[in-house]
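Both complexes shown next keep chain A, but they swap its partner, so chain B is in the first and chain C is in the second.
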Partner chain A sequence: MSIRVEHLTHIYNKGLAYETKAVDDVGFTVEDGEFIGIIGHTGSGKSTLIQHLNGILKPESGRIFVGDVEITAKNIKMNQIRKRVGLVFQYPEYQLFEATVRSDVAFGPGNLGLPEDEIEDRVREALRLVGLDFSTYADRSPFELSGGQKRRVAIAGVIAMRPEVLILDEPTAGLDPKAHGDILRMVRSVRDRTSGIVILVSHNMSDVAEMADRVFVMDRGRLVRAAAPAEVFAEADFLRSIGLDVPPATRMANTLMGEGFAPDRTILTLGEMADFLAGRLGGRA
Partner chain B sequence: MIRDITLGQYYPEYSRIHKLDPRLKIIVTLVYIVSLFLIEDFAGYAIALVSMGAVIALSKVPLRFMLRGLKPIILIIVFTFTLNMLMTKGTILWEWGFFRITKEGLYNAIFMAARLIFLIVGSSVLTLTTKPIKLTDGIESLLKPFRRFGLPAHELAMMMTIALRFIPTLLEETDKIMKAQQARGADFETGGLLRRAKALVPLLVPLFVGAFRIAQDLAMAMEARCYRGGEGRTKLNMLKFRRRDALAIGFTALYLSGIVAERILL
Partner chain C sequence: MKFTENGDIIQIEDLVFEYGRAEAEDGYDPHRGAAGGAIFPNAVDHVTLCVARGSFTAVIGRNGSGKSTLAKNLNALLLPTGGRVIVDGFDTLDEAALWDIRQRVGMVFQNPDNQLVSAVVEDDVAFGPENLGVAPDEIRTRIRDSLAAVDMYEHRKMAPHLLSGGQKQRVAIAGVIAMHPEIIIFDEPTAMLDPEGRAEVMGIIGRLRKEKITVVLITHFMEETLDSDRVVIMDRGRVAMDGTPAEIFSRTEEIEALGLKLPFAVELCARLRERGLDVPGDLLTEDELSAYLLTLYRKDGFPA
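What follows is the complex of A and B.
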């Protein structure tokens, strides 16, 4: 399955004095199995863009195809779209409402009208994927968990719908380093299991550089770059001019380049940097 | 979406009307409302219409926004109009079965509908041209004399300010939670009454939890900054009476005498 977006424009508060063009003539295609990272300064329209991909927001103009279904067409069955495209919002822990973790995660699959035992299976699987032990957490109230645990429950609630496309809006914002790593590992394992499309919105350049097949760069509502991480992060000055930056390893490589040590390719991750330095210092690469 | 709902609907603009002292605007609005009940015929309405038209023009708020306040009460207007038209006895203009429209009925209907419309649009001018914060400042200041009788003027005003301040926040929160639950397949739009009521649970629980969280945070933040109620508290933006306020009083007096003179003389 692929996603195709054509000339998408979204305007908030249209017609009022304070209308905002949050997404401005954006177009792209995502192929089956691709991992896309979306970066952009605060307010650049990332959240607005991705909320169109499962029909939560309606565009001012433009068209979106998920597989061969045009989801911007009139009279489209929304539940069919939401089953295929799962969206985890920014700070999803505030959407929890059920008495137990188990029933909260079951909310999505329940809305799909699945039989009880199938729902049970999915809840177990989703909790395992987000790293929560079923027997410990299933019957606890989601409100007495820690922030990071709540977030995992909320993400499990979307994963349990088994979407073919998983979109996550800053899933690691405000988490400690361990929870941060756990969430990213979880994203990876979901992707390995479903081999579907994953779209990750993030302010963490290293995460995006490391995980994404392609990086989309947003600036004031426009999609200004869509390319492989090595290509996008090679333009450090451009990124800085729109309020972004390159990953720390790349920044270090650029500094080294100024000192006359030129890496032969764009370095994105700490691993690549270690290899490069080891090679230069005469160790084993 | 839900953000389109405007409560305490302020229209940002820098007009003479916007800059008037809020206390004065509240009083003038009250005077205007009372004056509407003094009016007895359409000549009086003509005065009210011209005056209000002038104020609206001065305020630079598009007429569209002024009239938007009428939307929620359109049913009431239509209802009173029909009732007045059909229920008043007098010279018959038109008759069908036991429906009859009389000359007096038609007159009454138009008269009452006009009064309602003037009332709503008149008070819209106040809320559209005054920031909620200024409005509560004005109310607090006007209620101050009643403190002697034990009225907690400052506390009331503070409560109103906070409530007004958090309406948009709560609407935003509602919008967000609604979207998040929709992404999980929740359906708020179809089904019978019972189904819809049940569908609200995933929305209301997080909303209440969120509201309490916000209230707690706010209380803590206020205490951390040593808020301890109204006693001896000074204001950052003092309400000041200026020349334009005196002018406005003049115009209001002129308007009111016009209405009274019209009633007595014509």
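What follows is the complex of A and C.
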């Protein structure tokens, strides 16, 4: 399973005075099992782009292939896309609506017309993957849960579709530091256990630097960089010029570099910075 | 009626706030339900707190800890179930004081899209002062000054939906500034913003502080608290910790037990200490840590 996007363009308010090219001739390929981080200023086209990947939006022009299926084809059935590509929206907990966690997670698979026992299996599996104990949570109302737990239930609802591509749009926005960490660990474990493609849209440069195999950078509708985190975050001035930044560890390394006291490679994480400093200052390994 | 003023612009005395069932979604913690005897425990549970005039207070705590509920009690969006809140001498339970309180306490929320009401930026900023009955000439002055204060004056004729997230949030802040409040409460104002938008909003908070406006900032980003005079940590409706950023973030284990984390530089220093390095305990920011490291480097150099 891979994703191929060719010359994708999306125009909002076409023909009106405030017509905007939200996505402008974007092309890329994502290989099987890759973890992609997408960064970009607000309004850069990230959300518009990913909404094309599961067929919610149709492009002005361009084509998208998921595996060997062209999801931008005229005769495509939405169900064929939704089974393959799961999209977790921003603040997905606002979309919870069922009386129990179990029935909320079962809603998507139910729409696929699966037999009851298969649906039950999928609900169990999805709740396990998001780190919610089935016997504790299945029959609770989702509205009784904490913010982070509600969000995990909403994500489980997407995972229960067993998508080969899981896309998350700012899954940690508004969460406290612990819930933030829990969600990231959950995303990582889902990826490790399902070996599908994961696409994470985030304003948190550290999260993207730590988790992604490749980082896509969007600016005013265009895909301006697609490379490994070390390569993308080596361009601090460029990123700042388009409203972004580098992770704090990289920023600090850059400050030290001005004075000649700096590592010879791009430092992305706090752990890497601690290793570098401990090495130079004579601390224990 | 107005109480005598002292140095504290906000006085919270034994405040209790309890949500009804319909309102309970955000504040309800199912793990506490039975223990407290009530189905819905107090979202704010006997909090006593004073905020000094002109100070910058950061409020942190996990989701559902009562931060936002507390904030909404400060401008009478919510009224105490028990205890009382005195804002600049006005009791929020005094219905006659409602407009005096709302004029004094402005609020900025997480999502700028939910706070902008007009089709043109300057109309949006005029909305608050118009409701206060401010004279048209004065409103024009206020629009100009408050948009200038957030560097958005040149965008005054634009439609808010064409602005970036950070710009929208700045317009929302200008709308609050135009009310000439004494206190501005920011409830996670940067949660939805990109790095530039976050920096812009934090820059404005820094400026408001210089203008001696009292700022209360609720946030999940530990870094944003480092310039504050005081950090208050809420947990399960109560004040769990209260002190300067340096005091608060030296208590590593308690911070983590409260579902929070250390700011980047503090965490990095802690890791270096674990490795046997003698790093001073008062370094809070990246800049402070970098400066310290460079001083060492310039003095002694390091083995390559």
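Operating definition for what follows: the second predicted complex is superposed on the first by the 282 of 285 C-alpha atoms of A that agree within 3 Å, B and C clash if a C-alpha of one lies under 4 Å from a C-alpha of the other, contacts with A are read in each partner's own complex, and residues count from 1 in each chain.
Rule of thumb we're sticking to: a contact is a pair of C-beta atoms (placed from the backbone, for glycine too) under 8 Å apart; a residue touches a chain by one contact, two chains touch by 3 or more.
Remember, it's a predicted structure, so these values are computed and weren't measured experimentally.
K.L.:
By the touch definition at the top of the document, which applies to A:Gly243: first (chain B), second (chain C), both, or neither?
P.N.:
In the superposed model, A:Gly243 contacts chain C only, not chain B.
K.L.:
Scan A:Leu277 for contacts with chain B and chain C and give back first, second, both or neither.
P.N.:
A:Leu277 contacts chain C only, not chain B.
K.L.:
Once the structures are superposed on A, label A:Arg251 by its partner contacts, choosing first (chain B), second (chain C), both or neither.
P.N.:
second
K.L.:
For A:His180, select first, second, both or neither according to whether it touches chain B, chain C, the two together, or no partner.
P.N.:
A:His180: touches chain C, not chain B.
K.L.:
For A:Gly108, select first, second, both or neither according to whether it touches chain B, chain C, the two together, or no partner.
P.N.:
first
K.L.:
Figure out whether A:Asn79 sits in contact with chain B (first) or chain C (second), or with both, or with neither.
P.N.:
first
K.L.:
Check whether A:Ile36 is in contact with chain B, with chain C, with both or with neither, and answer first, second, both or neither.
P.N.:
Touch status of A:Ile36: no partner.
K.L.:
Spot which of chain B and chain C makes contact with more residues of chain A, would you?
P.N.:
Comparing touch counts on chain A for chain B and chain C gives C.
K.L.:
With the two complexes superposed on chain A, say which partner A:Phe143 touches: chain B (first), chain C (second), both, or neither.
P.N.:
both
K.L.:
Is A:Phe261 touching anything from chain B or chain C once the two structures are fitted on A? First, second, both or neither.
P.N.:
Only chain C; A:Phe261 stays clear of chain B.
K.L.:
Would you please give the residues of chain A that touch chain B in one complex and also touch chain C in the other complex?
P.N.:
After superposing on chain A, chain A residues 18, 143 contact both chain B and chain C.
K.L.:
Which stretch or stretches of chain C touch chain A in the complex?
P.N.:
Touch residues, chain C against chain A: 25-26, 28-30, 61-65, 110, 159, 162, 164-166, 188, 191-199, 220, 222-223, 259-261, 264-265, 267-268, 271-272, 275-277, 286-287, 289-290, 293-294, 296-298, 302-303.
K.L.:
Which residues of chain B touch chain A once you look at their complex with the stated criterion?
P.N.:
Residue positions touching the partner: 3-4, 11-12, 173, 176-177, 179-187, 201-202, 205-206, 209-210.
K.L.:
Within the complex, which stretch of chain A touches chain C?
P.N.:
That would be residues 18, 40-43, 140, 143-148, 170, 173-181, 203, 205, 240, 243-245, 248-249, 251-252, 255-256, 259, 261, 270-271, 273-274, 277-278, 280-285 of chain A.
K.L.:
Can you tell me which positions in chain A touch chain B when the two form their complex?
P.N.:
Within the complex, chain A contacts chain B at residues 12-13, 17-18, 51, 54, 56-57, 78-79, 82-83, 86-87, 89, 92, 94-97, 107-108, 111-112, 143, 157-158, 161.
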